[in-house]
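The structure appears below as structure tokens.
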Amino acid sequence: MGITLPILILCLPLFMFLLLGIGGVKMSRKVAGILGILGMGTTMTLAYIVAFTYFFSGNPEFIIDGVRQQYQVFDVTWLAFTPKLVVNLGFLLDPISAMMLVVITTISFMVHLYSWGYMEHEGGFQRYYAFLSLFSFSMLGLVVATNIFQMYIFWELVGVSSFLLIGFFYRLPSAVSASKKAFIVTRFADLGFLLGILTLSYFTDTFNFVSMTSNPMNVLAETGGATFMGCSVLTWAMVLIFTGGMGKSAMLPLHIWLPDAMEGPTPVSALIHAATMVVAGVYLVARMFPVYCVVEASMTFICCVGAITAFYAAVVACTQVDIKRVLAFSTISQIAFMMVSLGVARDYMIPGEHYSGLGYMAGMFHLFTHAMFKALLFLGAGALIHAVHSNDYTKMGGLRKYMPITHWTFLIGCLAIAGIYPFSGFFSKDEMLAAMFARHWFWGAWMTMVAGLTAFYMFRLYYLIFWWEENPEYEHHKPHDAPWQMSLPLIILAAVSCVSGFIPFGELVTWNGAPYHIHIEAPVAATSLTVAVLAILLATVMYRKKNPLPEKFRNALPGLWTAAYHRFYWDEIYLFITHNIIFNGICKAIAWFDRHVIDATMDGFAKVTQKVSYSIRGMQSGNVQAYVLWYFFGALALAIITLICII
Amino acid sequence: MDLNLLWYLVPSVVMFACGVYGFVTRKNMIAILISLELMLNSADLNFAIFNRFLFPGSMEGMVFTLFAIAIAAAETAIAIAIIINIYRAVGSTNVLESNKMKH
Amino acid sequence: MVGNIILYFVVALVIVIFSFMAIRTDKILRAATYLLFVLLGSAVFYFQMGYQFLGAVQIAVYAGGIMVLFVFAILLTHKPNDKAAPMESHRRIAGAVAAGIGTALLLYALFTMPMVCSSNGTMLSLGEALSGDQITMKMIGEAFTGTNRFQYLLPFEAVSVLLLASIIGGVTVGRKR
Amino acid sequence: MFGNILIWFVIIPILMMAGLGLCRNNGMGAIRAVMVVGSTALLALAIWLCVDFLGLRAAGIDDEMLYRGSWMWYAPLNIHLAVGVDGISVLMLLLSAIIVFAGTFASWKINPLPKNFFLWFALLSTGVFGFFISIDMFTMFMFYEVALIPMYLLIGVWGTGRKEYSAMKLTLMLMGGSAFLMLGLLGIYWHSAPEGGELTWNILEIAHNNAVDPTWQNLLFCFTFVGFGVLGAMFPFHTWSPDGHACAPTAVSMLHAGVLMKLGGYGCFRIAIYLLPQAANELAWIFIILTGISVVYGAFSACVQTDLKYINAYSSVSHCGMVLFALLMLNTTAMTGAILQMLSHGLMTALFFALIGMIYGRTHTRDIRQMGGLMQIMPYLGVCYMIAGFASLGLPGLSGFVAEMTIFFGAWEDVDFFHRAFVVAATCSIVITAVYILRVVGKLLLGPVYDQHHLQLTDATWFERFSTVTLIICIAGIGCFPNWINETIQHSFLPIVKALQTAI
Amino acid sequence: MDYSQFGAMMPELIILGIFLLVFLFDTFTPDNGKKFLTPFTTVLFLLGTVAIWIVPGCSESVFGGMYVDSPACKAMKCILNVGVFICMLEAAKWVETDMVIIRKGEFYELLLVTLFGMYLMISARHFLLFIIGLESASLPIAALVAFNKHKYESHEAAIKYILTAVFSSAILLMGLSFVYALSGGSLYFSDIAASFNGGMMSTMLLVALAFVLAGIGFKLSLVPFHLWTGDVYQGAPTAVTAYLSVVSKGAAAFAFFVIFVQVFGQVYSQAWEWMLYAVIIATITVGNLFAMRQKNMKRFMAFSSVSQAGYIMLGVMAADTLGLASMMFYILVYVVSNLGAFAIISMIEDRTGLVSMDDYKGLHKTNPYIAVAMTLAMFSLAGIPPFAGFFSKILIFTSVTGSNSMALYMLVLIALINTIISLYYYLLVVKAMWISADEPKIQSFGTGACEKVALTLCVGGILLLGLVSCVYQWLVNVVGETFILPGLN
């Protein structure tokens, strides 16, 4: 494959960013919008071409003996730290990056299109498209990274584009603080990522994914068994790298930024905070998968973090009022699902286990399907918000009559995420659960429960929005379906969500490139389906019509409900730590110390000199006899002191 | 008991010390000048004494003393001129009153 | 020999006592007079040490010239009833301390001076010191007009410039305007 | 002598001063003309030098220093006017030229006494350029002080706020540093040759002789490092920086933070580390502690400041601390990172100060509590400020990232716990940096407009745009294409690292 | 007897000749011819200086070794002449003022006689000649200090000066009598140096050294022998203050070097190194501490000059040819810098009678060129490059550290730290002139031709002396040619 297309895929969004960013002021909205959509459309086409070429051309560069290869389209030197440790910028094609190319460009294009309608009346339209392009560029750069450092570079860039987009409505203080929070929390996580890279690359002397993952045991050997605080340094490195992923993918305890990030425009939430950027953590783990497998502890760590987060987020999602928050927590929960799935996977055969690599495939599969239906849900939520001008489900209810397209597409999304056959979520979730059960029954059972919760809160949301009872305000302001620019993406994504489960994903994406034949595990599928259906039924009973049942539930478990409603007080804890301890306790103390101790010492030298200067002025009394006295004493003192010193 | 140079040096040193004491304790400028004369004279005497007792063959010290007397005369002359001058300007020769410039 | 010792003691006493009185008396004119006695005492020492010319100069220049200057100055600046009150005590104490330490140090230095101890541990007595050639006026005259080593024509000329400068200075200071 | 291109870096500012001397006191046109022509000439010269230098290196000319020239000055003490540049000096010259150029435009409307302002400004430039071209310790020191002293008047006369106090404090503290430095240099000079050899001030010769007595090295190293470290805002000698920067006029802050503070870092490795390698190996840990504190401490302090310039000054403490910190790691990569950080910090702080000056010129306040939502009012300045902020917090594609990463990767090469612990602490600063940068951006640019009077304010004028665009291009240039700079610097560090390794 | 030996004393003879011509001119011209006195003297002096410069020196000592006019001495004399010439130019306006005009002849005569005395101090190789030179250089100055008869301060300054001067000469004579006792019967420098040897230490020697140091220290205003300085500088006419602060100090510093290094070099490390060490530290520090809070410019300059004397003494500490050359160079630079400052102070005092630093506020608005010149002078005094003061300071520091003794490094460190304090107060002047926002008190005024020349010379010196290394090179050469210094112990 030539390098033209890959380079174009990266450069086109960048170019659009510069064009719209610098020249945007001089453009009309329309021109900017069309340019943006066209640019993204072209990129999408190119990405499709590349991805399909990779998957289906059968070119020996890409596939040898049925095993898909990792292929570096290009890899140029960007910065050489040392002769050996060189940062390259390149384009790596392998199953997951090709898959991600498709996901990113698709969703991005949908969002571009959707935004044209959604953002029509907002100021800074051109800027918005510029930022979207920047994000697309960064995200594409991230997924095609040939080395971990390139990934880190783009990792930071997606962070900043996320910051810019969350804070798009920069006149609102809440948006500003949300964007700040998102950036700083992920930045903190990136610190771990950076330290991880430092440690890892110190031993491997390379950043390159291919050379690290192709022979992971070598990496272990290179560390020479070095340990730090009881763990091998490789464990430290991998866990630290995973920390970066935890930040981006909003794993507990670094999840707090994601719900707040919903302050951004809803299409942005769909693109960044549902489909693409937040799965970067998953992608990172998948990318480094063979190395993770070398250190068992890190895999266990990933599993635990994922499992806890998934459950936590699902519980919280059951109580939220803001529809975007519900979706946000749902996203967290689903990503955690993928994490667990990766965590249970192994790149080597465990005796008696046939499924060791299944989790990987399933996670990726879920990543793909989740991106589609979650984007669909977010875009649907955007349409709702667009119609009702509120994020709050209490301002909604009974909307199915007014907004049929939105209603149906949203329902499809809900079914998909709940894992109902034949929607896409069923297939991916089933594979994941199968992998988990195969690893240990505990993971399977736990995550099945989470899946049930998922179905419950999604349908709770669905019913509260579209059923329950009508908001009386509709009479003044009748909600209606969104314009075609917005509806079209909804329909497309809904269609994809319906069918994408039938994609033979295992043929395309596996940890080692060798195809894997998906087959539904009947017991697992049955269990999860049952749980999901039961959960949906429960939701139907509780929320289909206005009734006091939810109120009763709430009153039955007041403590739990309040805690869940306040997201188990994570924000408050963080606020306390950052504001009271770090800001007031450390920063202010240091600033005070600087002014009143260090600076005062420096001033003190001057003051003391001044003081001394004043205190000795009596020497110059104006009386010549006193002068002579000093004179004489001085002469005597010179002689006497020297005398004493010499003798 | 025989006179040697230490005998002579003692009154000289006492003279010198008296001069120092007088300088710092007298108020009248002329009295201060008188004290200074004591000190100068003491130094002159020293030269003569050293010359006589240590280097009797030469007369370097004596010559020095001769010149020193001349210098002392010149110093006194100028000092007295200035004192008279200041007396004409402020009507007093009290040294304590000449301390307008200080610190 | 004994005469010399007696003379020494008399003169030394005169010098010490009148030095002391010159700086202690309240009356400025008396102080000048006491100074005169001290100077004369020094002159006697010069004579005793065989420096007749020096003694003569001491009497002529100091006692004759400088004292006259002093007396004139005192008369010019003296006001009747101008009895100076003594200096405040801390200054006197400081002066006494200075003088005391100075005396002690100088005497210590002189009594431990290396020349004293070096030449076989003996010091020249006055008699021995005077035993050499007498300094004649011819020698002095030659020394003051010669340009060789240990001859002092140059200082002699230079000091004349100094005196001239002092005269000019004195005149400048003394001029009415 | 005039055939040597390097000398012209000093001659041009002197000619500028002469030209300014001929201008009328308020002949703004003539003054600007002189300054623009002069600073453009300097920039052109610097670029030409850079290109030529790379050409020579590419042609395989492998001397440690190129364009060398040496002219006897004070023969009795063997003082020469010796010049020569390696890659680092070339880059520093380029940086200085860029900032002088931008500074000229940033002070387009300086008032009062424009002529005097530019006279001192040009004198300062003379010092800076002279410092970077010198390889003779004496002339280096001379130019160093030449660069310091105009600061007093520039801040004192044209500054704002507590300018008299700040100017005095800055001058005295920096001179205090140079007192120690002077002593260190004297010591090096008197030990510069083995017994009986000819003493020299020439850095290359001293390094070649490597004759400084080991017992003296430690003392001299402390003297020289502290001396330069004061200018490099090393804890606890950094307190001149906040006050000084806060009160300085725009162009002076730019030049001072942008170039002058680099003199400190440059001197640290060119003299302290290079000439006293043994002591550097032995005593680096002391200064690693101090500079490590600088890095974190400056960042934390910046978090609670409310004056824009104070924030930036503390951030400079942190970033310049990073420079010295990296130098003390004593390996090629980290030291390369230090130089990159110098360049990066120079450009972005200059940009920061330029922007702060422009904002202050409009709102007449630098208190972030008194401002808000400026992005709506002056989007151009707002965007530039954000870019500067992103550069500062290490966004890839801008220079700060490259520098910091190089430093971290270099610093990580020292494996013992002590070094590692400090590196981890230093990396933490990137998070804190993000905190205070975003705090400022959030309060100042974003959010609702705080003061309705600000709504009448205008966006940047052409010369302001010119000044900022120049800097942004450079920042992005380094950020996107760092490798040629990186290679140039690494090559220049070879002799220094070799000296360090042989000294262990 | 060989009177031709006087021929070897050309510089002194030239000065004396000028003195006589001025004296005759002053005495015998009618009143309407008096107005030519100033140009007459100045031009004559300039010619004399050139003549001194041209006439070859004679390294042979004459008068039995009592006098030597080696190139180094001659160089020093030329440096002094530069100072005196600038002083004369600066005083040209002042001597024409009402109260002074009738005595302007005396002014020049006394100036020349004191210069003659300083020449003798420099060239003397015998303590008698040295003492005579010293007294000739200091006694007439008392008359000069008292020159402003209409001002009380002038009288007070004069009395303080003369009393301290006589006291110090008494101390010096006492010290010399001790030296004489130790010297082996001769007061020739060479004989004394030969009679000393490293082993002979005694209380007497220490007392002698301390007293001699004190006696000459008076002229240099070293701490604690400096207390007259502030009052006298403040009270004396500004022209005289300028003269006192540079020329008189320069000559004394040279003589100090000659005496301590050539005569007492044998007991350097045993005795006077530490005395001087302490005195230098005290001088620099105390001078600075006093200077930093002075408001009266003349008093301010007085304490600044005290501190500068400490730096000059560092050259003696170095005690080698490099030290002497550096010291002479320092003095030369100090001459132009200090006289530059004094030129401005006296100009302003003549025009407006203002001498307070506060009165200088906003000077740049009314008199920008003068403000610039003053700034340069202050920077030079503070040792800021590229002005001459920087080079002189660095060179002298370099020479001191030459022996690589840790103690001397510490001395230099203290001196360097003190430069910060001195920088502070010099910058106060700059601050008053440039930064203070107050309305200027001093109106714009024109400068006379003489003042212009003087100021140009000073500014030229400040700018060029350091950058042009040949001056220093020349000094090193002349010192190296002729000064055979004894090995120090």
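We just call them A, B, C, D and E in the order they show up, numbering each chain from 1.
One rule holds for everything that comes next: a contact is a pair of C-beta atoms (placed from the backbone, for glycine too) under 8 Å apart; a residue touches a chain by one contact, two chains touch by 3 or more.
Not measured: the values here are computed from a predicted model.
S.K.: Which neighbours does chain B have in common with chain C?
M.R.: A, E
S.K.: Spell out the chains that contact chain B while also contacting chain E.
M.R.: Both chain B and chain E are touched by A, C, going by the contact rule given at the top.
S.K.: Counting C-beta pairs in contact, pick out the pair of chains that comes out on top.
M.R.: After tallying contacts for each pair, the winner is B-C.
S.K.: Sort the other chains by how far their Cα centres are from that of chain E and give me the top one.
M.R.: Max centre-to-centre separation from chain E belongs to A.
S.K.: Taking all protein C-alpha atoms shown, work out their mean, then name the chain whose own C-alpha mean is nearest to it.
M.R.: Central chain: D.
S.K.: Specify the chain most distant from chain C by Cα centroid.
M.R.: Checked the centroid distances; the maximum from chain C is A.
S.K.: For chain C and chain E, what's the span in angstrom between their mean Cα positions?
M.R.: Their C-alpha centroids are separated by 31 Å.
S.K.: What's the distance between the Cα centroids of chain A and chain E, rounded to whole Å?
M.R.: Once rounded, the distance between the two centres reads 77 Å.
S.K.: Whole-Å distance, chain B centre to chain D centre, using C-alpha means?
M.R.: Taking the mean C-alpha position of each chain, the two centres sit 64 Å apart.
S.K.: Centre to centre, by mean C-alpha position, how many angstrom separate chain C and chain D?
M.R.: 69
S.K.: Going by the contact rule already set, what residues in chain D reach two or more other chains?
M.R.: Expected reply: 172.
S.K.: Quick check on chain C: which residues sit in contact with 2+ other chains?
M.R.: 91, 94-95, 98, 102, 105-106, 110, 115, 150, 152, 155, 159, 162, 165-166, 169-170, 173
S.K.: Could you check chain A for residues that touch two or more other chains and list them?
M.R.: Residues 606, 617, 620, 622, 624-626, 628-629, 632-633, 636, 639.
S.K.: Among the chains present, which pairs are found to touch?
M.R.: A-B, A-C, A-D, A-E, B-C, B-E, C-E, D-E
S.K.: Could you list, by residue number, the parts of chain A that touch chain C in their complex?
M.R.: The touching residues are 625-626, 629, 632-633, 636, 639-640.
S.K.: Would you pull the chain E residues touching chain D in the complex into a rising list?
M.R.: Residues 322, 325, 364, 368, 379, 384-386, 390-391, 394-395, 397-398, 401-402, 404, 409, 412-413, 416-417, 419-420, 423-424, 427, 430-431, 434-435, 469, 472-473, 476 of chain E touch chain D in their complex.
S.K.: Along chain E, where are the residues that touch chain B in the complex?
M.R.: Residues of chain E touching chain B: 127-128, 131-132, 135, 139-140, 142-143, 146, 149, 152-153, 155-160, 162-163, 165-167, 169-171, 173-174, 176-178, 180-181, 184-187, 230-231, 234-235, 299.
S.K.: Can you list the chain C residues touching chain E in their complex?
M.R.: Listed in rising order, the residues are 105-106, 108-110, 112-115, 145-155, 158-159, 161-162, 164-166, 168-173, 175, 177.
S.K.: Residues of chain D touching chain A in their complex?
M.R.: It comes out as residues 169, 172-173, 235-240, 242-243, 297, 300-301, 303-305, 332-333, 373, 375-376, 379, 390, 393-397, 401-402, 405-406, 408-410, 412-413, 423-424, 427-428, 430-431, 434-435, 438-439, 442, 445-448, 482-483, 486-487, 490.
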